[in-house]
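After this come two complexes, each holding chain A, first together with chain B and then together with chain C.
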Partner chain A sequence: MKQEDTTPEQPPPARLPLWANPRIGLVVLLIALIALFTTLRPAFLNTQLTLVPMQADISVYAVVGLSQLAVLSLGHMNMAVGRMAAMSAFASGLLHDRLDAPLILALAGGLAMGALLGALAGLIIAHTGVNSFVVTLALDFALIGLVSLLYATFTDGVAFNGLPAGMSALRTDTFADYCAGDVCGPEIPLLAPIALIAVLVVGLLFRWSRTGREVLMAGSNAKAAQLSGIPVRLRTIQAHALSGLLAGLAGFLLSANNGSFSAGVGDGFLLPSFLAPVLGGTLLVGGAVSVLGTVLGTAITQVIYKGLNLLQFQVDELKLYIGLVLLAALSLDRVRHVLAERRGVPA
Partner chain B sequence: MRPFVRLGSTVGVLALVIAASACTKKEETPAGGASALTAAQVKVALVPGGAHPYFQPWKDAGGKAKTDFAFGDVTFNETAGWDQTKQNDVLTSLAAQGYNAFGIFGVAPESINSTFENLKKQGFHVGSLASCPAGDKNLADFCLSTDVQEAAYKAAKAAVEAMGGQGNLVHLTGNKVDSNTQRRIAGVSKAVDETGGKVKLLDTITDIDKDLQTAQKAVADLLAAKGSQVNAIVTTAYNPAVAAAGGVKQAKLPIKVIAIDDDPTIIAGIKAGEVAATVLQNPVGQAYVGSYALVKLSEGCTMATPGVIIDSGSFVVTTANVATYDADRQAKTDSLKSDFDSKYLTCAK
Partner chain C sequence: MTSTVETTTTRPAGPPAAPPSRLRRTVRTSEFTLVTLAVIGFVALTLTTDGNMLSAGTLAAFFRFLAVPMIIGLAQMVVLAIGQMNLSVGVLTGFCAMVAAWAMLEAGLPAPLAVAGAMLLGAAVGLGNGLLVVFTRINAFIVTLATMTIIDGLRYGVNGPGTYQDYSAGLAELGQASVLGLPVVFLIACAVAAMVWFFFARTVPGRHLLASGGSPFAARLSGVSNDRSIVLAHALSGLLAGVAAVLTLAQSGSVNATIGDDLLLPSFAAPIIGGVALAGGVVSVLGTCLAAFIVRLVDVAQAQFAINRRWVDLIVGAVVLGVVLSGAIRAKLSRRSS
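Take a look at the complex of A and B:
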C-alpha cells in the first residue's frame, strides 16, 4: 500500500499481472492446500466437524492478526496482544457478572478496556521513545500478574460463571439455524460477520482514511512524516489503541468460541498474531500493510493446522510439518517476488 | 468513497437487515448419532490436554481396553498443546475421522463444558478423564478423576506428619490460572489450617509444571534462598515432584519431600528413604475404565446420574508400602469397573 511517486521521465508502471499479485499467490496456495488435504482426507469437507469450527477459528485469529497489523503499520510490535485480550475478557465478564450487562454492553466494555491498554502502551512509546518491543513486553509481564490477581479477587477461581444471553449462540449456531420460511442461511458461524466487520473497518482505515494513511507514512519514515506536519505521536497512540481494541475483540470472540471469560484467554495469541500478517505480506519494518493478506495468512495457517490434525500426526511431527509447510509457503512467495522483479513488475 | 459504492452499501445493509428481521431460529433436531452401536463400531479417542508424562500410561491402558472389551479402535492424541482452542480443533478432527467416543482431559476446566456440550450435541459420548470441569456442573456423561483437593490434602497431611507436626512447609504446583490448581492450593491450606498454626505455609510456588527444567530451576532458587528455613516440601504436580526429589537430594538438606505420582526417580527416592512419601493417582484406571464406560454408553447403556463425578483414587505411598502399591491401584481399578456395572450405568437386559 505504499504510494510511490512517478517522475515524468519514467514509463507508466506496468499493470500487475495476476500471477505477480501476492494476494492471488496466497489464494492459489490456499486452494492447493484445501485440494491436497481433501484428497488425502475427504473428511476435510465435513461441514459440521471441519468447515464450521475452522471458520470460527479463522474469525478469531484473523482479528488477532489485525491487532498486530495495526502496530506493524508503524514498524512497532505489540507483545502484550494476548494479555490485552485477557484483560478485555475480564472487563466483559465483570460487567456481566456484577452489573448484569447484556451482550452488547459487555462487548463494548471489553473493547474499551483493550483500547485503553493499547493507548497506554502507545502513550509511553510516543513520549519516552522507548522501543515498542520493550514497552509492550513489560506491559505483558505486568498484565500477567494483574489478570491473575483480578480473577482471584472477583471470581472464585479463574473464570466468570455464566455468559451474557446470546453469547452461547455465537459459539453453537450458524446462519443455517436461522430461516425465513424455507430459506435458511449458509453454514457460517455467527462469529464470522463480527470478524468481517473488523476486517472491513481496518481495511478501509488504512486504504481510504487520512488517519490510516498518516499512520503508514509515520511507519515508513517517522522523521519525514513529522516534517510534513503529520502528528506522529498522536498517530502512534491511535495505532496502539486500535491494536488494543482489536486484541479486545479477539479476546471476546475467543471467549464466545470457548464458552467462558477466563484468565487463559489470549495465552496462545502472540505467535499467530505475527504469523498471519507476515505471511500475508505486511512488512515488519512498517509503512505497508495488507489486511486481505492477513486474512488469507490466517486461513492458510488454520487450513494447514486442520489438515495435519486430520492426518493425525503426533505432536512432534505436527510441529515439524507446520514449520515445513509455512517455510515452503514463504519460499514460494519469495520465488514469485523474485520472478516479478526480474520481469520488471512491482510485486 | 464513490456515491455508487455508498448507495450500493446502504442498499446492501438495508437488504440484510430486512432479511435478518424476517428470520426465525430453526427448531433443534435431536442428535443423530445417539443410536446404539455394536462394540466393533465404537472408536475411542483418548485426548489429554497436551504432552505430559502423567498421560503416557493412557496409551497402553487404551490398548489393553481395546483388546479386553473388543471395540473398534482406540487412539491417543496429545497434540492439543495445552491450548483449549487447539484441543477443540483436535477433537473435531478426530470426530471427522470417525472417532465417536471421547475420553478427554480438558485444558481449561472452566470452559471445557462447552466442548463437551458441542460433542454431545453431535451425538458422541464423552467422559471427562483425570480432571472435572470447574464449578458444580459436568456436561460430560461422567467424570472419572482424582479428587485433586482430597489428594492435595492427603499429601499435605503426610508432609505435616513427616515434619513432626511443626515447622515451615512449601507447596510446589502447576498453572495458577487453572481451577484444579486452585483446588490443590485449597487442599494444602486446609491441612495446614488444621495444625492450628504449628505448621506455617512459607510459600506456594505455581506455574512450574510446564517442563522439568522450569521446575528444577524453581527448586534450585527456593533451596538457595530459603533452604535452611524449609522443613518440608509438598508437591502437587508431576514435574515439581521430580525436581524437588532431585534438588533436595543434591543439596543434602534435611527437608522432607512429599511427591506426587510414580516417576521412577520418585519411587527410587522412596526406596532409598530420600522422599518421605508420594501420592499416587490412577491414570491407568482412568483410561481403562473410562474406555469401558464409553463403549457401554455407545452400546446403549445410559448413566444412572448423568454427569456423575467419580473419584479414581489416590494412594499415599511410603517406604512401608512401596513394594505393594500397584496391587492397591489395580484393586481400585477393578472396583471402579464393577461400580460402573452395578451403580453408574443403566443397561437394558
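Take a look at the complex of A and C:
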C-alpha cells in the first residue's frame, strides 16, 4: 500500500508476498464478483445491456475517485466534489448556450471552472490552516445554493436545453460504430478513453513528476517537507486545483452520459469519491496514493451495483450491501495488514 | 476562533481574575460574538417583519423547529470532542424515527415503549460505530461513511417509499404543546443540551472524553482509556440521534424514509460555527445551540420574505466560511500582538 513511498536507493527489506498486495486481492474480488453475477444472471455479460453502460459508469466514477484521491494525497478531503462538478457542468452549459461554444471549448471552460474552485479551496486552506473538511464543506453548502440559483436564472428550469455538437455521440456511440473498411473498433464507449487519459496523467503525476512527489511528501509530513524546501502552500493549492479539475471532468462525463447539463450533476458523487480510493488502498492520512487501486475500487463498486440491479434488488438493499462490502473489505485489509506485520513484512 | 475558544469552553471557571480583564475575556469569547449575532439577527428580523416575528404563532414555530437542529448539532459535537466525525447522524435519526413509527403502528407497541426503543436503537447503532472504530482501527470517517450507507438502506427498508402517520395521539399532542409560550419539544431539547453540558463539565467520563480528544497520548499516560472514550462518544452521539428522532416524530406528525437527509450538513455547521474544534478536546454546548439558533434565523427570514430556498444554503455556507476565516485571522493577529 505504501510502496509508493519507498525510495529507489533503498531496496525493500523483504519482497511483499503475493497475498499481501492489496491490488491482487482487488483483482481476485473483481473476477469473483463477475463470475458470481454471470452464473446467477447470464445477461450480465450482455454487451449492449450491461457491459457498455457499465464501462461508461466506471469511466465517470473513476474520475470522481481520482478527484478525491488528489487531495487524499495531502491527507485532506474535498467534501465539495459533487458541487464543483455541478458548477463546471453549469459553466460548460452556459458557454454553449450563450456563446454557442463548440464541445472542446465548453469542456475547457468547465475544467477551468472546476480548477478555479479547487484552487480557491486550496488557497483558503493553505493560508489559514483551517481543516480542509470544514472549508470544503462550507464551500459545498455555498455552492449547493449557488448552483440552483444560477440554473434558475439562466435556464427555464434545472437544465440547459441544448448540447454541443458531438456530445450526444459521447453518450450513445461506442468504437464499434466507427469502422475503417471492414475493421470496427471494440464495444467500448467513447467516454472510456477520456477517463483513461485522466487515470494515466494522474498516475504519472504522482509517480514520476516532481510536483506529484512533493505533494505526497507534504501529505506524509508537512513540516519535514517545508524544511526540505518544498513549497507546501503552493503544492496544497495545486493538489486542490487538480481535485477541482478532475471533479469538473467527472461532471462533464456525467453530463455527457445523462445527455444534459443539469443542476443534479454531482449529487451522488460524495460517497463513491471516497469509496473508490479507500477500497483501492489509499490512506486518509496522506502521503500514499494508489491510482490503479482507485480504478479497481470503482470497477468493483460498479460491478456490484449493476449485478444487484440485474438481480432486481431494491435501491435500499443495494445501499445496504455496498456499505457491508466496504466494511468487509476494510476489515479484511486490516487483517492482512496485521498478518503482514506479524511476518515482519512492511505492508 | 477554533483556537481561541479553548479558554471559553465548558470547563469549570478558574479563579476569578481582575474585573477589567474578566469583562474583556467575556467579550472576546466566541459565545459572546454568537449571542450578539443572534440578538442582532432576531431584532433585525422583528423590525423588518413589523413585529410579525413576535406573534405567538411565529415565535412558537421558530422554537419548535429549532429543537431538532440543536440536538443533531450536539450529536455531532460529542464525536468532534474526541477528534472524530459521525457521518451517520442524519440517516440514523431517520432510521430511528421510522422504526419507532413502525413499532407503534404495525407492532402495536405503546408510545412510551416506542420512544424508549428509538433512543435505545440510536445508542446501540452508535455503540456499534464506536466498537467498529476501536476494533478495526479504521478512521471513523470511513467507518461511519459505511454505516451511513447501510443505515440509509435499512431506513428505506422499514416502509419503502411509504409514509407513516397518526402513530400516536399522545406524541402529536406533545409536539404541539407549549408551556409559557415555549414549545415543549424545544424545552426538552434545552434539557438535553443541559445534560450534555453537565456530562462534559462535571462528570468523570465526560472529562476523560475531552482529555482523550485533546491529547490521546497524554490521556493514556494519565490512565484514561482512549478506546472507552471513543466507544462512549459514538454511543452518546447515537443516543442523541435517537432523541432527535423522537422529537421529529412528535413535531412532524408523519415520517417517511427521507427524514434525516437534510441533517448531515447542518450537524457539522452548528458545532463549527459554535466554535468546536475539529481536532478534538474542545466542546461548546452553548455555542452549538446558538449557532443552530442563528441558522434557524436565516431559515425564518427565507420564509418571511419568500426568498428562494436556495439562498439559505448559500448564506449558511458563506457564514461558516466567514466564521472560519475570521477565527483564523483573529488567531494570527493575537499571535502577532503577543
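Criterion: the second predicted complex is superposed on the first by the 334 of 347 C-alpha atoms of A that agree within 3 Å, B and C clash if a C-alpha of one lies under 4 Å from a C-alpha of the other, contacts with A are read in each partner's own complex, and residues count from 1 in each chain.
Here is the rule we use: a residue touches a chain if its C-beta (ideal position, glycine included) is under 8 Å from a C-beta of that chain, and two chains touch if they have at least 3 such contacts.
On a predicted model such as this, the values are computed, not experimentally measured, just so you know.
Engineer: Does chain B (first) or chain C (second) touch A:S228, or do both, or does neither?
Structural biologist: After superposition on chain A, A:S228 lies in contact with neither partner.
Engineer: Where does A:F274 make contact in the superposed view: on chain B (first), on chain C (second), on both, or on neither?
Structural biologist: Once the two structures are laid over each other on A, A:F274 reaches chain C alone.
Engineer: Using the touch definition from the top, say if A:L284 reaches chain B (first), chain C (second), both or neither.
Structural biologist: A:L284: touches chain C, not chain B.
Engineer: With both complexes overlaid on chain A, does A:T47 touch chain B (first), chain C (second), both or neither?
Structural biologist: Once the two structures are laid over each other on A, A:T47 reaches no partner at all.
Engineer: Between chain B (first) and chain C (second), which does A:S148 come into contact with in this model arrangement: first, second, both, or neither?
Structural biologist: In the superposition, A:S148 contacts both chain B and chain C.
Engineer: After lining up the shared chain so the two structures overlap, which partner does A:N309 touch, if you call chain B first and chain C second: first, second, both or neither?
Structural biologist: first
Engineer: Output check: A:S209 vs chain B and chain C. Expected answer is one of first, second, both, neither. What do you get?
Structural biologist: neither
Engineer: Mind working out whether A:L318 is in touch with chain B, chain C, both or neither, as first, second, both or neither?
Structural biologist: both
Engineer: Could you list which residues of chain A make contact with chain B in one structure and with chain C in the other?
Structural biologist: Shared contact residues on chain A (touching chain B in one complex, chain C in the other): 148, 314-315, 318.
Engineer: Chain C touches which residues of chain A in the complex?
Structural biologist: Against chain C, the touching part of chain A is residues 77, 124, 128-131, 133-135, 137-146, 148-149, 152, 271, 274-275, 278, 284-285, 314-324, 326-327, 330-331, 334.
Engineer: Tell me, which parts of chain A touch chain B in their complex?
Structural biologist: Residues in contact with chain B: 41, 43-44, 46, 48-50, 53, 57, 60, 147-148, 151, 157-159, 161, 168, 171-173, 176-180, 184-185, 208, 254, 257-260, 262-264, 267-268, 305-306, 309-310, 312-315, 318.
Engineer: Going by the contact rule set out above, which residues of chain B touch chain A in the complex?
Structural biologist: 1, 19, 22-26, 50-51, 75, 77-79, 81, 83-86, 88-90, 92-98, 107-108, 110-111, 113-115, 117-118, 121-122, 134-135, 176-179, 182
Engineer: Per the contact definition, I'd like the list of chain C residues that touch chain A in the complex.
Structural biologist: 2, 85, 132, 136-139, 141-143, 145-157, 160, 257, 265, 268-269, 272, 278-279, 308, 310-318, 320-321, 324-325, 327-329
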